[in-house]
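There are structures below to look over.
Next come two complexes built around subunit A: one with subunit B, the other with subunit C.
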Partner chain A sequence: MLAENELLQHPGFTSAAELTALPALRVVQPDGQANEELLSRVSDEELIAMYQQMLRVRLFDRKCIALQRQGKMGTYAPFEGQEAAQVASAVCLANKDWMFPTYRDHAAAMTRGLPMQTVYRYWMGQMDGFSVPDELNILPPCVPIATHLLHGVGAAWAARLRDEDTVSFCYFGDGATSEGDFHEALNFAGVFHLPVVFFCQNNGFAISVPFARQSASPTIAKRASAYGMDGIRVDGNDAVAVYLACQTAIHKARNGGGPTLIEAVTQRFGAHTTADDPTRYRDQAAMNEEWRRERDAVQRLRLLLTSKGLWDDNREEQWIAKVGNELVNAWEEAVAKPFSEPIEMFDHVYSKMPAHLEEQKKLLAGGGLA
Partner chain B sequence: MSTTMIQNGETTGIYEFRLADIGEGVHTATIARWLVEKGQKVALDEPLVLVETDKVTAELPSPVAGEIVELAAPEGASLSVGEVLVKIRTHSKADDNALSKASTAETPPQATVSSMKADRMLGDVPQARDTVNGSPMSGQTAMVRATPYVRKLARKLGVDLLTVVPTGKEGRITEADVLHTSQLSEQTGQEKSKLNLQQQATSVPREDRIPFTGIRKKIAEHMVHSVRTIPHVTHSDEIEMDAISDIWQKAKKAAASQEIRLTLLAFMAKAVALAIREYPYINSSIDEEKNEIVLKSYVNLGIATDTDAGLLVPVVKGVENLSVLEIAQQIQSLTEKARTGKLGLGDTAGGTFTISNMGGIGSQHATPIIRHPEAAILALHRMEPRVVVRDGEMVIRKMMNVSLSFDHRLLDGATAVRFTNRVKQLLEEPEHWLLNLR
Partner chain C sequence: MAVKQFIEAIHDALQEEMSRDERVFVLGEDVGLRGGVFRVTAGLIEQFGEQRVLDTPLAESAIVGVSIGAAANGLRPVAEIQFADFIMPAVNQILSEAARIRYRSNGDWDCPIVIRAPFGGGVHGALYHSQSVEALFTHTPGLKVVIPSTPSDAKGLLISAIRDPDPVLFFEHKRLYRLVKEEVPEEAYTTPIGKAAVRREGDDITVISYGLALHFALQAAEQLAAEGISAHVLDLRTLRPLDEEAILEAASRTGKVLIVHEDNKVCGVGAEVSALIAEHCLFELDAPIARLCGPEVPAMPFNGNLEREYMLSPAKIADAMRKLAKF
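Coming up: the complex of A and B.
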């Protein structure tokens, strides 16, 4: 038998000890100080637009929690803390690109142009909450974990076969990387060198399971090499870092450079959903204080913009008031629309409805219980 | 939840803010802390109250701007979903647009900017949905419950599931129900052609189809009703039968001279009746309408009897006043009637406790189903010589297992076990009978 210390001196040996955490790409520090060379790749207008959108979706997120607590919406999955990851990635996509979001990625979808009213309607359980404007390619939010990564790979493969220059952009969390679908998707994307970007928001918890209990590997990004693709780990609370990483990965995919796995290290400040109590599995008080002080993406970008003279308290107030009106108006529109009828559930599944569904639809139309 | 505008108006009204299901399937919440007080002005989405539920502890933000009129419950009180938490007097639309302080806080109390003016709420939907196609929905159009296989069978046989009477668990339509309906319509309807029958024959090959009707159906209905209503618990014990068996053997001749076939079952029945004197809840039932437990001073013993037609349970009445010989005589005549199909309605009604004798067929344990509304049933298993330990020595004794199922609503396990222990004692030490003779 070869002793372990002998074995490692021979070719072919890979050591688990080398799996140290990758450093993450960061452009803007928590105090707003930036690497000016990297920051110069983003225009002031882009920075302001990203900040405004991050603040807008944060206020939307809080409004949704209030509406849920008031009984006006169903269970809701908040994303507060992940605004930079979602907004700064979504702004990099072209309309024709295919976006595959989860139930926590409505900030990304709204950044892409999904109307606020539609997102309200989705969380109210209305059928039209799934509808997407014709000019956008956004899939309905995927609730099963990681299944949509395969859809993304399939769409990218189709684009290749059709000779289209669209990119598939898949959003998922750290929990999804523990699923078999993650492996299958990355494997095929690597084998066929497909135009996909796998964008993982590692927020540290799969509902209540901390990342250390999901994976012995300290990073997700490093897994990319096993699938023959590039990987990058970015500070997910740094909008500029996220933006630069996504922009490059999308450009590369569109131009035949193959897939990329991006790990955006971030956190959700709130609960998994409104039916979850995070104090049962983590120190929520520390989350609210230190984490917000050190990691809040919205605050970090505001500090940067303020130091550059691009933003001030006055503009902040005006913007909050403007978004406040939008939140109210969109909600009023959302509740003014007719509610979905139970019968509609039959309409969007099969192109040719099978007999048993025809039967149930008839039964329901005849006054059967919904 | 629903928020009801009592005084409907643009300017002023009273909002009743009702507790919503804020988790998935939360039914109640406890008021942990009020964050506002009566008379206080609140902004929209301003936190009003901290509530605790099974799932989450959460601040509930105000759905309207206005002034607190009434806190409907004190701290520590428990409220059900749908109950009023707080009443708020709403003001003009201008007030509604006031921003909550919470909105711009660095650490949001899980609330947000701005108002919510629309008075159409998700909670209103059920009322709006009470009618479908203009006609009120009622129990007339019950939901059809059937498995995909049964639905397929029904389609194949042309049976409309709405016309089928379900007999399955929780109102499910079973395969047998569909076949039964199909046969009925074939018998009565002229339009059912041979083709249809052939289809049926080819659709279910190599199986026999027996109508699930009559006594089999009745038995099934009783069983389902009992198991659905009564939380059953079964315990088993073994009884040494040598002593009582000796008496039985000796007494047999005396009985035979009176043309009575004395059985061990008669002794068992009397022992049960004696034990019931001390444990009246074994012989009770629940009057569910009046919410009362009925303790009976009479013991009517059902004797579960296997017949060609299925299980029948003739009842020996007033066992508490009958001698062993009289019990034997009654059992003899009733089981004879049962086997020849001559039992009258009165012969099977009015039981208060049931004995199921499986000894003749042989078994070791069972989980007998109680005859609703009785409280217990005792199964007797095969008596056989077994090696047992007495005084540290292996000896051979005639042992019999018994299994007692009891209604756990009426009886605790300890009571049921003590009852069985008493039956066991009476059979193992028959001298106790003399002690209780009246």
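Coming up: the complex of A and C.
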């Protein structure tokens, strides 16, 4: 076992002490004890629904890693450790709102209703894995880092011009805050007082580079003041704190109160992607059970629910069994659908296929080289 | 029909499309009260208000990125990049996002934006107000790249670009703004993107060009006609997708091809046009394909003598045409 002071010497590890030292909104403590006054703003049903969804996406995440290892899916970006940040934020959005996720935010997208089968197909590399149900405004996951923050601002500008009360909600990580587009997006949203919520999941690492290398400031939330907007730092492993912060920011944005920058301090338990080996840059073994107990959002919410008599082993077992069936059924549906054919490569480059693409498509269809 | 300058034709296209379709709005640096540094958007803020003629922060990636988001949410943004030289911070948004939103969403989303930018030299703009940047974008599938050379094309092509469901880069040679005038129809009309135009019929040599250089080529062709050399001149108008049929037809017609552009030669549009001709009609040719382009230096010099030497001219093009005709 590592002593606490030893643990602190590992780069990038955020200690609970540090989290308390920098002010952060926290409602539920790691042992499940809650600030009852704040907790009373959330209904029991909402708490249970969030917990169920957090457990559901965690099981999905683990299933995806297994499927990737079996060669059934492509490279996958796991989110385990960030369930509270993603689920408790996404539940706050109305259907008409706009969501701008990254490649690690499929827990948030699934919470809003993106079918599990679609997410499987996305990571299988099937072309229709990008398809979002018509009634949901979820953009395809952003991979280039921070570019989508400006799209969120643009969608908010369109809402402003049409006098609609929809909100843009942008997901990004701590690495994205070093990009120029982060600055341009927050500045633009600040100047025009637009209905955007910038939701940063600070998980401490951009692949291998620790947060201290992204920012000389120990907090991202603090940067909000430079853009004339409100900022809040929350314990990203506390679903209730995330929920309250997001709900308030979205309500404010919807009612003309302008943008908010939320920093949800969290961590990813696993690798950056299945192609990454985190032992090369951090001590994974130090992230043991005890370390996790402080941080595991799923466990924390379960302790709270159990202490309130809202959850028990029996319900847990039943829920896991139910999700287990869903994981299998959705996978079976995902592989039962036809896989993308090479010929589909030429579709959707332009609204109308130009002559040179028609020609390449024809050549490929005829057995030749495109 | 009224006689209009190139710049007036662009202004009119914006004004008419904004009147016709309330989803259309312009955004960029100084496009509002200032009416644009060249005054392309003059008077639009008075007519359409500051929300549809949006003066943005000085941030090119934001101008394009916000356009992409606004387009996703149903608007038809026309972004102005003040000088093509300053489009670089927005390149990631253009290549990684605008060009592939349709593709990476399997057709769920589209990106109907227009990015307008004045480009080109010969106006003492020095290193950072003179560049030709088209080749950076013509390489990228998913984009359309348009460079008009006449006022009527400028209007018709800009209206087409605004109504186009795909992202269009619309480069305006700044030297043409007040140099070229012609009769332009009052009403709105579209000129198809992807179609080149024969500007002069001829039988001895073919010149393929676009933008300001096209006008120089036409002047050179006029001179050469007096010398008994008949030149066929093709205006590309759209650089992506190229009008392959028109290029091959123009090349085959005379068997001698000169490609002219102000942008430097290596990997420029002329390289692609030349490769197309070589691939498809090599045996129709009577001479090696010739290219006359800007020199291989990083930018247009500020120094007047050097700038003059950098720029193309009717005389330089005429020389290259004579040489080709004699081959």
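Note that the second predicted complex is superposed on the first by the 334 of 370 C-alpha atoms of A that agree within 3 Å, B and C clash if a C-alpha of one lies under 4 Å from a C-alpha of the other, contacts with A are read in each partner's own complex, and residues count from 1 in each chain.
Assume a residue touches a chain if its C-beta (ideal position, glycine included) is under 8 Å from a C-beta of that chain, and two chains touch if they have at least 3 such contacts.
Please read these numbers as outputs of a predicted model, since none were measured by experiment.
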Exercise for review: Superpose on subunit A as described above, then tell me if subunit B and subunit C fit or clash.
Suggested key: clash
Practice item. Kindly classify A:R160 by the partners it touches after superposition: subunit B alone (first), subunit C alone (second), both, or neither? Key: second
**Study point:** First, second, both or neither for A:D277, with subunit B first and subunit C second
**Key:** first
Check your understanding: Does subunit B (first) or subunit C (second) touch A:Q68, or do both, or does neither?
Key -> first
Exercise for review: Scan A:R292 for contacts with subunit B and subunit C and give back first, second, both or neither.
Suggested key: first
Point to revise | Which of subunit B and subunit C A:F188 touches, first, second, both or neither | key: second
Review point. After superposition on the shared chain, which partner residues are touched by A:Y243: those of subunit B (first), subunit C (second), both, or neither?
Key: neither
Practice item. Could you look at A:A355 and tell me whether it touches subunit B, subunit C, both or neither (first, second, both, neither)? Key: both
Practice item. Considering only the stretches 27-35, 63-71, 153-161 or 225-233 of subunit B, report the one that runs into subunit C. Key: 153-161
Review point. What part of subunit A is shared between its subunit B contacts and its subunit C contacts?
Key: 355-356
Check your understanding: Mind pulling up the subunit C residues that touch subunit A in the complex?
Key -> 25, 51-52, 54, 56-57, 59, 61-62, 64-75, 77, 89, 92-93, 96-97, 101-110, 141-142, 144, 164-166, 194, 241, 244-245
Check your understanding: Which of the residues in subunit B end up touching subunit A in this complex?
Key -> 1-3, 17-24, 45, 55-61, 63, 97, 99, 103-104, 106-108, 110-118, 120-123, 125, 128-129, 132-133, 135, 137, 141-144, 148, 151-152, 155, 162
Exercise for review: Please give the residue numbers of subunit A that touch subunit C in the complex, ascending.
Suggested key: 98, 127-128, 130-132, 137, 139-140, 144, 147-162, 168, 180-181, 184-185, 187-188, 191, 347-351, 354-356
Revision key, fill the gap. Residue positions on subunit A within touch of subunit B in the complex are 59, 61-63, 65-75, 80, 124-125, 270-271, 274-277, 279, 288-289, 292, 296, 299, 320-321, 323-325, 327-328, 331-332, 335-336, 339, 355-356, 359, 363, 365-370
